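Presented sequentially are two complexes of chain A, the first with chain B as partner and the second with chain C.
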Partner chain A sequence: MASYERRKVTLKSSDGEEFLVEEAVAMESRMIRYMIWDGLAGDVIELPGVKGKFLSMIIDFCKKRVAWAAGGDGTLEGLKSDFVKVDLGTLIHLSAASFCLKTNDLVDLTSQTLANRIQGKTIDEICRALNPEE
Partner chain B sequence: MKCSHPPSLPKPITAILSVDLLVRILDHIVDAGDRKSFRLVCDHFLLAESLHRRSLRPLRLKYLPSLLGRRYPSIESLDLSVCHSLDDNSLATAIASGSYWQKLRRVGLARASGVGWKGIEALVTTCPLIEAIDLSHCCEVGDRVAAALAKAAGLRDLRIDKCLGVTDVGLAMVSVGCGRLERLGIKWCMEISDIGIDLLVKKCRNLRVLDLSYLQVTNNSLRAISSLEKFEALSLVGCRFIDDEGLAFLNNGRNSLQSIDISRCQNVTWFGIASVIEGHRNLQIINMGDCHTEVTPAFLSQLSLIKTTLNILKLDGLQISDSGLQNIGSNCNNLIEIGLSKCLGVTDKGIGELVSSCTCLRSIDLTCCHLLTDNVLTAISKYCINLTCLRLEACSLMTEKGFGQIATGCSQLLEIDLTDCSINDIALQHLTKCSELKVLKLGLCANITSKGLAYIGSNCNNLEELDLYRCVEVDDYGLSFLADGCKRLKKLNLCYCIQITNQGLQYLSSLEWLSDLELRGLVNVSSMGITSIAFGCKSLVELDLKGCSSIDDAAMFALARYSLNLRQINISNCSVSGVGLCKLLRTLKCLQDAKLVQLTRTSVEGFEFALRASRCKLKKLKLAGDLMELLSPKLLQMLQARGCRIRWVDKPMLFNSLTIE
Partner chain C sequence: MMDMLPDAIIQQILSHISNARDVAACSCVSKRWKDCVPYSPSLYFPRNAFHSVSDADSTISRIISIVVHLEELVVYCPFSAPSLASWISLHNSSLRILELRMDSAVDKFFGGRAEGSGGRVDCIGAAHNLETLKLWGVSLTKSPSWGVFKRLKTLEIIGAALCDDALKDAIKACPNLTDLALLACDGVTTVSIELEWLERCRLDFLGPGNCSLSVNSMRLQVLEIQGFSWVRVNKKHKLRSLCISKNTGRLYGVDTGKLVDLEHLSLRGVQWSWNAISSVLQCASDVKHLVMKIEFCGDFETLQPFPEIDLVEFFNNHPKLITLEIHGAMFAALCQKNSLRKLDSSFVIPNLEEVLVTVRSPLNAEQKLNTLESLVDFSVKLRKMVIRISQMKNCHETADDFFEEICRFKYLNNDIVHIE
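Now for the complex of A and B:
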C-alpha cells in the first residue's frame, strides 16, 4: 500500500484553483474515492460544484484527520468543533460542498451545527441569518 | 393556512441549500415549534419539511386526501385522536377513497369514541403495512372490533387499554390473527381473565411488553407468561389476585425481564420481587410502590444481584429506615432514578448515605418526606451533579440556604417540584441560576412576589411549565417579567392568584406557545383579559376559568372567534348566558371536553340549544345534576349515541358562591 499512500492528485475547484493533495487525503471524499477506484480519474480531478475557498477548508480538515488517525495528538471532537467555528454563510457553503463531495460525516456535522443554530430562533431571525450578503 | 405568504429567499441561498441538504438538517430538528419556524421561512423550506414529515395529527378528516395524497408523501404515522366528529362511517369512507393510506404504519385513535368495527376493518384491509394501532380509552370498543383487528397480520403494537367491551373471546381472536404481536396494552379491560392470557401467550410467542394493570388475572397468568422467551416488560399495577406464588413462576431461568411494575398489588411482598430478581439478573426497572410490604435487609441484599443493571427503583409509600437507605446506596450504586414519595422514616442521614453512594442519580422523588432539611440538599448538591429532576413537595423544613446549594451543585436541573415548600423570593433568586429549567412547580408558596418572578423571567428562558397555584402575592407586574423572559412557556397555572387583573392577562397574551392555562378563581379578571389571551395565545388548547365570576358572554365570543385550537374548557361558575355558551359550543370545531357546572345565568333552554348546536363533537361533558331531569331525553340520547360521556355533578345551586377569600 506504500505507493498508494504517496501518490498525489490535483483537485481543481469551480473557480479554477488547484490543490495538490495526497491520495489518502483525497479519498476521504467518497465521490473522489469511487472515481479513483473505478479508474475514472486522471491526475487532475475537476470539482465544478465546489468553490476554491471551501474546498481548501475541507482539504485542510481531511489532512488533519488523516494525520490524527495515523497517531497524531488532539481529539477528533476538537478537530470537528474547530471546523464548524465559522459564520452561518460559510457553514452553509461548507455543508453544500461536503454534500457534493459525499464526505458523509462532514455532512452530518455541518447539518447538526446548522440545526443547532436554527433551533430556538423565530422566522424573522432565520431569514435575516440566511441573508445572502454573508 | 391563514398565515401571510412566506417571502422567498433570494435564489443563491436556495440553490446552495438544496432540498436534500435541508432534509438532512431537519433530521436534527425535533421540537414542533422549531419545525414550524423552519417551514415558514420560505417555499423551499416548506417543500423540504413536507417531504421530510413522517407523522401527522390532523384536526379534520376532510383535508386528509390533499394532505396525505399530495402534500406529505412520506407520512407513516397518523394520529387521529384529536380529529373532531370522527365516527365509523366517515372513517371508513375516507379510507376507501384514496390509495395514500397504504403506506401507513402507525395509526392513533385514542379516545376516538365514535370509531367501531367498520372503520377498523377498512383500516386493516387498506393498510397492509400497519404495525401499530392505539385504541386506548375507546370505551365502547368490544369483541366485534377485536375481530376486525385480528385481520392485521403484521400488527406488532396494540393498545386497547380501557376498551371495556373486550372479553376473552375478543382477545383470543387477536391472539390467533396477530401472531407477530410484540407489545400489548389491555389495562382496565376487566372482562379479560386467565383464559385469555393463556391463549395469548400460546399464540404470540414474540411478546415483549405486556400491560395487565387492574385486571382480575391470577397467578395462572403469570405461570403462562413465564414461558415466553423474549419477555422484557411486565406491568401489573393494582392486580389484586397476584401474590408471591405467582411471581415465583417468573423465576424459571429465562433471564429476559428488564422491567417490572407491581405497584398497588395488595398481596405481593418483598419475597415475590426477590424471586423475580433471582431469575432475571438484567432487571433495570422495579416499581413496587404502595405494596403492603416492608423493605427488609434480606430484600436489600438481594438487590445487590442486579447491582450493575438496576437503574430505576420506586419504593413509594413503603416504610424505610436509615440503614435501609444506606443498604440501597451500597447495593445499587448505578441507580439513575429513585422514588421515595410518601415513604415513612426517611431522614437526612439516610438520604445522605444514599446519595453519597449513588452518584449517577438523575431523578430523586422525595415528595412528602416531611422530616428532611437543608442537610439533604447539601448532600445532593455535592454528590449528584447530573441531577435533572428533583421532587420535594411538602418538604417544608428546607430553606433558601439549601436551595442555593442545589443551584450551584446541580446546574443541569430540568425539573423541580417545590409545591408547599417554604419558598421565598431569595430562594428563587438562587434556584433560577439553573438556567436550563423546564418545569418549575411552586404551588402553595404564598411568599413569592413579583420580585421572584422577575428572577424567573430573566434567567429561566427555557421554562415550559410553571405552577403558581395559590401563590396569592403574584400580581400583574410579576406576569410582565414572565411574558418577557419565558417565551417558550407552554403550561401555566395561576389558580387563585387573586391579585391578577386584565392587565396581567394582557402581558400573557404575548406567549405564543401557551397551550394550557388555568385561571380558577380570578375574580378580578373580566372578559377583556380573556379576549387578549384568546387573540394572542394562538396555541391555546386547555383553558380553566372556573370561578371567574366576572367572565361573561363577551369572553365566549372572543374564544369562539380566535381560540380555534381549544379542546378543553371549564367555565363553571362564570356569568355566561345561553347566547355565549351556544356561540362557544357551536363555533369551536376542536372542542371535545366542556365543564359547564353552575352556570346560573344560563337557562335550561339555553343549555338545550347550545348542546344541540355543538353538533356532537363533544366527548366529555360535566353538567349540574339538576339538568338531568330538565333537559330533553332526546338530546341526551343523541349525545350519548355519538360517544359523549356526561358526568352529573350534584352541587347546590348557589349564587355568588365565590366570595370565599
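Now for the complex of A and C:
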C-alpha cells in the first residue's frame, strides 16, 4: 500500500492544463482507478471531458478528503458543503465532471444540491437557473 | 448549458425531488427532463396542491402513470378512493412507503364519508412489498382485507376511528412490525398486541373510558401509552423506556413483570390506583430516570390523596436513580413520613444528579423543605435541583412564608438550586 501512495500521476484536462497529483488522490476517481489497475494509464492521463477549472476543484476536494481520512481536522460534511458553495452554473459543470470521472459521491452531492436549488421554483425560474448564459 | 448534464444526472436530481409540483415543473423544462421524470422514485402531493378532488384525481393519475418505478407515495390532498386503488395497482410491486390522509378521501359514489369504510383501505393490500404505512384520519371500523404485509416494518395510524376486531385484524396482517404507533385514536375497548419483532410501540387512545391493553412482544424496548385503565405487558420483554399516562378517567392496574432493563420510567395521569403505582415502582428498581406526575390516587370515583412515601425506603429501593421529576401531590406524599428524623447515618442517595420538583400548595411547608434539604444533603452527586412553584393560591398567608423559606433554601444552596 505504501508504495503507490507516494507515486504521482499527471492529469491533463480538455483545455491542456496539467495537474501533478498523488496516485491515492487520483484514485478517488473510479474511472482513473480502473485505468491504473488495468495498466492502461501512462504517466499522463488525459481527461477530454473535463475542463481545467473544474478538474482543479475536484482534485482539491479529493486531496482534502484523503487528508481527512488519514486523520486530519474538520468534518467530511464541512468539506462537502464547502465544495458546493458555488453558483449554479459552476455546480452544473462540477456535476457533469464528477459524472465523467466517476467520483460517485460527488455526483450524489452535486445532484442533491441541484435538486435543493430547483425545488420550489417555477418552470421559468428553473430554466433560467439551469441556463445562466442565455 | 442544461444539455451538459447527462441523463443519469438529471435522473439523480429528480430522484431527490418528490414534491409533485416540482416534479411537474421539471417535466416542463425540456424534453430530456420530461423523459427523465418517469425515473422519479418518490412523489409527494401536499395538502393544497389542487383545487378540487377531481383535479387531484386526474393530475395525480397522470403523473403516477408515467412514473415507471414508484417507491414512495405521500398524498396529503383530498383524493377519491377508487383513484387510490388504480394508483396502487399500477405500482403494487415497487411501492415501499405509503402515506395517506384518508380523512380527506371522498368516496366518489356516495359523495361523502362512506359508512364502515373498510373498503377504502382494502386496496392498500395490493402493495404487498410495503415497508412503511402511515394513515391519517382513517375510519377502520371494519376489518380490512389486506392479506399479509410480509415486509411491513412500520405502521402508523393517526386520528382513526377503530373497533376492536378491525384493529386486531389489521395488526394480524402485519406480523413483522418493528414500529407501531396508534395515535389520537378511539373506539376500542380491548387492545391485544402479539408481535414477535415489535421494538417500539406508541399508543394514544382518547376518551375517559376503561380500555385495556395486553402486549406480548419479547423484543419490545420502548412502550409509550396513554388512555388505558388496565395494562398488562408479558414479562418476556426488553423494555428500556416505559411511559404510562392516563389523561382522563382512572388507571386501575399495571402488570409488567420485573423491569430488568428499564432505564426511563414516566408515570402520568389524573388518577391512578395506588396499587398500580406501587407495583410499577417495585418492578422498576433499577430505573435511572423517573418522572412522576399523577394528581390523585384511589380506586373509585373519589379522588384520594397519596399515602405517605418513605423517602429513605424510596431511594434505597431505587439506588440507580440519576434524574427525578416529581410533581405536586406526589412530592407532598414523599415528605410526610417521620423516618426523616431517624435517618441511618450510612444512608446515601448514591447516583442522583438532577431533581425537578413542582410544588402546588404551601401546606406542610416545613416537611417539604426538610425533604428538599435531605435531598441536597444525602445526594452525593447532586448537580441541579429545580423547584417549580405553580398555581399556588396566594390568598393563603402561608404562601408568603413558604416563598420566603424556599428563597432562603435557594440562597444557601446557590449553585445547585434554581427556582422557576
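Operating definition for what follows: the second predicted complex is superposed on the first by the 132 of 134 C-alpha atoms of A that agree within 3 Å, B and C clash if a C-alpha of one lies under 4 Å from a C-alpha of the other, contacts with A are read in each partner's own complex, and residues count from 1 in each chain.
In this section, a residue touches a chain if its C-beta (ideal position, glycine included) is under 8 Å from a C-beta of that chain, and two chains touch if they have at least 3 such contacts.
Predicted model only: the values in this text are computed from it and were never measured.
For the composite obtained by overlaying on chain A, chain B and chain C cannot both be accommodated without a clash.
By the touch criterion stated above, A:A115 is placed in contact with chain B and with chain C alike.
Within the superposed three-chain model, A:T75 lies out of touch with both chain B and chain C [touch as defined at top].
After overlaying the two complexes on the shared chain, residue contacts for A:I123 are found with chain B and with chain C alike.
The clash between chain C and chain B in the overlaid arrangement falls on one stretch of those listed (236-244, 308-316, 380-388 or 398-406), that is 236-244. 92-93, 95-96, 99, 107-108, 111-112, 114-116, 118-123, 126-127, 130, 132 are the residues of chain A that lie in the contact sets of both chain B and chain C, per the superposition on chain A. Against chain A, the residues of chain B that register as touching in their complex are 6-7, 9-10, 12-13, 16-18, 20-21, 24-29, 31, 34, 37-38, 40-42.
Interface residues of chain C facing chain A in the complex, by the touch rule stated above, are 1-2, 4-6, 8-9, 12-17, 19, 22, 25-26, 28-30.
Across the complex, chain B is touched by residues 92-93, 95-96, 99, 107-108, 111-112, 114-116, 118-123, 126-127, 130, 132 of chain A. Across the complex, chain C is touched by residues 89, 92-93, 95-96, 99, 107-108, 110-112, 114-116, 118-123, 126-127, 130-134 of chain A.
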